[in-house]
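What follows is a pair of complexes built around chain A, which joins chain B in one and chain C in the other.
And then the complex of A and B:
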């Protein structure tokens, strides 16, 4: 048995959203402790919502995250609609699906090509990558721009949506704008294909590691054939489904001594949410173009290697792009019809669940008779992944102890990054030292 | 000539959102037609496209600069140490990293940054007293900076 001793503390894992530390302690070749320690102060957004009116809520929650702003808005809107007994029209639902598609595309491109690609190319960050592989970074920026334009055209801004409300849109996009988005998405397919080849060329650098876990995502509802992002039941790979209102039966939040963020578990020690959970749970519903990419990159469902989350995201970008082009066809053929989106607020409780880039996101509200929030709860995907990351580390670490400390550190950080965690819920402050 | 004036920050984290509040207050001021005001919120690398398609950029953001809370300072990238880019990134693609990336993939226009030293970035939808009492000064200062920068570009 090795007598190796390691005391590792990675302050602020880079290329993740927010501040998380990796802690590892090995004594006499035995792993005594390994975890992702969240050092950000907890955010009290739920408290901020108390007393707020139904029409204010989706704008406030959209500010929680710069990347998942539309997803927070949509989960919030769905919770409000469930609570207030409001039904959006078919047209509104289709437009919302496009908004979610745009956000998932934009975020996936960011994670794959700006945050993970440096690891696969063996460089520190996207800056040296932009120097050595400028064409890759320029194409990634171009793909992101298409996704942002899509969001911009439908909700008026590419980060925080302006015109997406409960029941409808305060301003609807024109058919011409939809046609323009569709043309740009079609044009982006050749760039996506180029990027798939780029990823394939470095896919051999994805660490080989397996730990079977539970996967939780939306699942199809009422026999739907759609790979679900916007609508569905909560589906566990353990063969259990729930309605969104019962999300607490899945999340079972608990506190750990290492983290100011809550952890979750369901039927196993931990569960995973996000692109790979969706891929594993709903593989049959992926489009053939997306399945072909999975096959090309050697990913089969169920996949139990968390480092392959990035590949699942790439597979999803293909699915989402083709799906959005088809959905746009349907919207363009029907034409955009002005709709009344007024409603009367009332007391009620309701939950919303949508798939945002990092996984299933829950919002749950209780409104009083004046349409003001009495209680609010949100469970973000990263919270749901934290325990799974720790469990992965506990299995991975003993298998890599023979490697130099720097390599162990890099592999643990790569594991954290694979989950695309969003720890801070977005601060943007600059730190400046003048020369 | 086009000038982008972007306020950055999270308005749910008290003083963190000061840049957004200032830019929104500027919507009530007369501005040259070339100026676009943008509530950039917590935008990351996506800001690059807006920067690269502008001839002049002013970024208004909360910044830890070692000054007293509420003080502001206006600077350009050349006045800032490279250590502004520690390991390049803590929050996915940060503003410094975005600007560095812009230098590599394109040509950055002249950029002015107006930093406001925060007192608190704890959760809260309003800024702290240290900043709210000077809020009109910030708006006046950024407005004047826009006019001067525009004048300089036109001449």
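And then the complex of A and C:
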């Protein structure tokens, strides 16, 4: 064992969004190098935005990511509104919260049931599960469909929403559509409960690994009792909070030669964002229905096992579903009212922070007097998680060296997948290389 | 008869078009009865290189992309460009409108040389392409119709009628007549005019029709109050790619 040599390069980790490699080099039983290298093509969004007009920025940045297109749109809109001095109405904010809920549901379902579930069931993809566990796959698809339908009804489609803009919507949903979404969400609760039992039956296959780190998410603002996705301060588990405009004090981006995505760190060597960071930082604000699921699946806050991110996501789907049903009640009772969404652009600087499926997402813009972008910056959740994944791998790898190479490879890939990385986003770029 | 073996690959893109294919849910399960998916990194671990139809999403932006794309071409009976990034360069080609060095230093600062890139190009600039499925993202119905055609050995739909045709059929109020600048008159249709249906102007994501009347469209946009800068923005949102940009390198 002490003389073990491993040279592993997982070329393009599968069942993740984008191209990343895991590299592992072990000499004489000692880990010389282990990392996740991002090899996806960089896309230069910040460079593309320079000179573009306020009304097209949202549409362009939506294209950073096919999974969190709504989240990018919303973080962008919030940054633009802060910069241009535009205030959205209560109705608009509520509809945006529903859009974010739909995206978090859709993305969590995709990750839990299509990307991670094959690992827990010990198969290569969801396709064999469609035969061996047909009821599970059919229910997962049904749940995903409800979330997609929710986006379709409010913003036209989930991948690259259409009618959501600065200040308002180019078309508002009808009350009938909202009632239909609410009915479908209510009906989905029994399917979610079935899926929770399915996950509970294979939860024993979730690897047991602990590494405490710093957790960063939105935190409640002005004493709000809402589990924050759309609005809040930046909250670190180290007991520090910042306003969104000060996001750079948290992210401190740095560049490494192995990765076309940047890395970040705050008070420790690395920090984590995403469902588990939110769960750890804002557990008290979860609805009782969601807390009950956490308890059933043996997850307590704070949790320091990154493989449990999937469980945190499942807990969040319960919270989000109940919360959205309640928010829809309020919108339906008030009725949808047409509003004036015109505004005059001006010069200014502003930042937006929202919680998208993979964690806190920042956009920051400077506009000139013509309402055109002078400077743009976006810091993506996966970018913020990359250093944390590397640190996890450095602690995990020495403890699994006695296992066969294939198993080491699988565990490292499962770790990467647990974070639900979105590599297109992070390069605005994932592969596993064993070097 | 064995089922056609299909595969999905991606280059610089958001992978939203592949995701849209997964999002079809019911139709996707039905599709699985007619094809074998043999290579789809985003959804599965196993990979096989005996491919009948390769759907390629994304634009070519780096030297190493060329070899990877040529390898896909070599192993695939047919190569289909999936979505705007692959068909026309999409939003990725916006970077071609500014000096590349400026764009690189905007993002990576003094470390820009660590990340080589070249002018964005659609995939047909590198390999022979057998069909196109347009849009950012692809339209679900259009995708299914095209897949059917491809599996029957026919050509994909060219969609030379502009977006306006479907928009009229939907009885939408014309956005131009409401004073909202719209690219519908010169943009390829096939999307069911989804943007104008949601009150949002068409911004040309499916590419321009063959032989578009760009001057006429420019006049119309100017008449509706757009400045030269605005019109240039509109025309380059998804359609910034010009073959000359590659030659200049």
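Observations on the structure shown:
Assume the second predicted complex is superposed on the first by the 423 of 435 C-alpha atoms of A that agree within 3 Å, B and C clash if a C-alpha of one lies under 4 Å from a C-alpha of the other, contacts with A are read in each partner's own complex, and residues count from 1 in each chain.
Just so we're on the same page, a residue touches a chain if its C-beta (ideal position, glycine included) is under 8 Å from a C-beta of that chain, and two chains touch if they have at least 3 such contacts.
Worth saying up front: this structure is predicted, and the values here are computed from it rather than measured.
Once chain A is used to superpose the two complexes, chain B occupies space that clashes with chain C.
Of the two partner chains placed by the overlay, only chain C lies in contact with A:163; chain B stays clear of it. In the overlay built on the shared chain, the residue A:141 is in contact with chain B and with chain C.
Of the two partner chains placed by the overlay, neither chain B nor chain C lies in contact with A:217. When the two structures are aligned on the shared chain, A:131 is found in touch with chain B, with no touch to chain C. Touch criterion not met for A:153: it reaches neither chain B nor chain C. Shared-chain residue A:35: touches no atom of chain B or chain C.
In the overlay built on the shared chain, the residue A:64 is in contact with chain B and with chain C. When the shared chain is aligned, chain C comes close enough to touch A:50, but chain B does not. Put simply, of the chain C stretches 99-107, 171-179, 189-197 or 225-233, the part that bumps into chain B is 189-197.
When the two complexes are superposed on chain A, the residues of chain A that touch both chain B and chain C are 12, 14-19, 41, 43-45, 47-48, 60, 63-67, 69, 110, 114-115, 124-127, 130, 141, 144-145, 148, 157-160, 424, 428. By the touch criterion given at the top, residues 8-13, 16, 39-46, 48-49, 61-66, 75, 79-81, 83-93, 95-97, 100-101, 104-105, 113, 115, 118, 121-125 of chain B touch chain A in their complex. The part of chain A that touches chain B in the complex is made up of residues 12, 14-19, 41, 43-45, 47-48, 60, 63-67, 69, 106, 110, 114-115, 124-127, 130-131, 134, 137-138, 141, 144-145, 148, 157-160, 424, 426-435. Residues 12, 14-19, 40-48, 50-53, 56, 59-60, 63-67, 69, 110, 114-115, 118, 124-127, 130, 141-142, 144-145, 148, 155-160, 162-163, 165, 169-171, 255, 257, 260, 370, 372, 424-425, 428 of chain A are the ones touching chain C in the complex.
Taken together, the chain C residues at the contact with chain A in this complex read 11-20, 22-23, 25-26, 29, 32, 37, 40-47, 58, 61-62, 65, 90-92, 94-95, 98, 102-104, 106-109, 111, 114-115, 117, 136-137, 194-195, 197-200, 203, 229-230, 233-234, 237.
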